Amino acid sequence: MSDDVASLIGQTQAAYARSIDNGDLDAWPNFFVEQCIYKITSADNHSQGLEAGVVFANSRAMLLDRITSLREANVYERHTYRHFLGQPWIKSNDGARVTSETSFFVVRIMRDGTTDIFATGRYLDVYALQAEGAPKLVERIVVCDSSRFDTLLALPL
Amino acid sequence: MSDDVASLIGQTQAAYARSIDNGDLDAWPNFFVEQCIYKITSADNHSQGLEAGVVFANSRAMLLDRITSLREANVYERHTYRHFLGQPWIKSNDGARVTSETSFFVVRIMRDGTTDIFATGRYLDVYALQAEGAPKLVERIVVCDSSRFDTLLALPL
Amino acid sequence: MSDDVASLIGQTQAAYARSIDNGDLDAWPNFFVEQCIYKITSADNHSQGLEAGVVFANSRAMLLDRITSLREANVYERHTYRHFLGQPWIKSNDGARVTSETSFFVVRIMRDGTTDIFATGRYLDVYALQAEGAPKLVERIVVCDSSRFDTLLALPL
């Protein structure tokens, strides 16, 4: 069962990453439940218990707004990401909710071909298991290892 | 079954990467069937439907030729790769052929120790399942995220 | 069974990496048996059969000493790592001992936010399976692809 859940969460996380990496941003908000938390913060702020994040949303509607803004700014024309994830560590699973921690590594590819490490860190996730279909994110706290965020922070992590 | 195939494809892809990373280039063509397609292209060219690739082979014999050339040029004395792969996404499986998409990330290590990101992208694979042994590649399209290819593009991706 | 062992080793390796990446260095020696080998070397030296490593320990007590030194030098205040591992390749398994080879990739994040590739290579591991709990390392040879080691080589790989 534990292995099954880890596998299910791993597949969901891979699909999430693929939607962003392959430019299908419209699919991104659908990985979340309607009343969700999405936050990007730094390891320093997170360990100090600081609530504020560089990016914060507390509903799927806010995630949709974000995608619309990105589209209007043509952000995803200017760069793409490629995500790599460690295997999810299942911290708890009560049959309805699963919490997990997963290392991530994101490479950014600019239009001119420049490729660099964009961000590394951990996803602290809470998933709601669904009667049918893939689990959905109730909460994703993206804890970046570095406190130096690129001003171009734009595509979702 | 789906999980089994994903696991089988994942193991095959890991063995493919290991043969290159550990310098066992002679083993590389054996991951393909005799009548195979191997192509390296860019995401831009691929999304525009352009057929030409930076590297193209349509038989295992051509892959063998390529290895011989690399050996004569002592290319693999000058740098090594280290591959990292996401989990394969199984797009179809009819029991004889499996198509999959897999993120890759390749680090290049030069003789002087310099280490950098060489390429990121997706493998678009078609495998023929074998009665015995590991699946073999009927087709591998290597879609690199960046359009800027290093002129040293040499070892297989 | 082979898949089960690969999964078990993969989980153990992920826990090892997580303890270092999340700053829980005290947990690190506990991944080893008391009479263990831990060595960091380069691919060149390893392929030439040279025994000397950049780092060498032949007991868990030496690993504990190393952690104490790092703590006194406040090394882990100055940088953090993020490990990414390929799937383990199980080379042998006699039911008591498992040998495996696993690609690794380590990103280093400095206090000022600078993020770079710190090391890539292979773990050549020997595990003792335990009656209860996770397998423990009898031997870990860390074979780095590059011969150029950072003088700051400090946190465990």
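Order as written gives the chain letters A, B and C; numbering starts at 1 within each chain.
As a convention for this text, contacts are C-beta pairs under 8 Å (C-beta built on N, C-alpha and C of every residue); 3 or more make two chains touch, one makes a residue touch a chain.
Since this is a predicted model, take the numbers as computed values, not measurements.
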| item | value |
| --- | --- |
| Same or different contact residues where subunit B meets its copy subunit A, judged by the half mark | different |
| Relative orientation of copies subunit B and subunit C, as a Cα rotation angle in degrees, nearest 5 | 120 |
| Intercentroid distance (Cα basis), subunit B paired with subunit A, Å | 28 |
| Residues of subunit A touching at least two other chains | 84, 117 |
| Residue numbers on subunit B that touch subunit C, as the complex places them | 7, 10-11, 14-15, 17-18, 21-22, 80, 82-85, 107, 109, 112-117 |
| Complex contacts: residues of subunit B adjacent to subunit A | 3, 43, 84, 86-87, 89, 101, 103, 105, 117, 119-122, 145-148 |
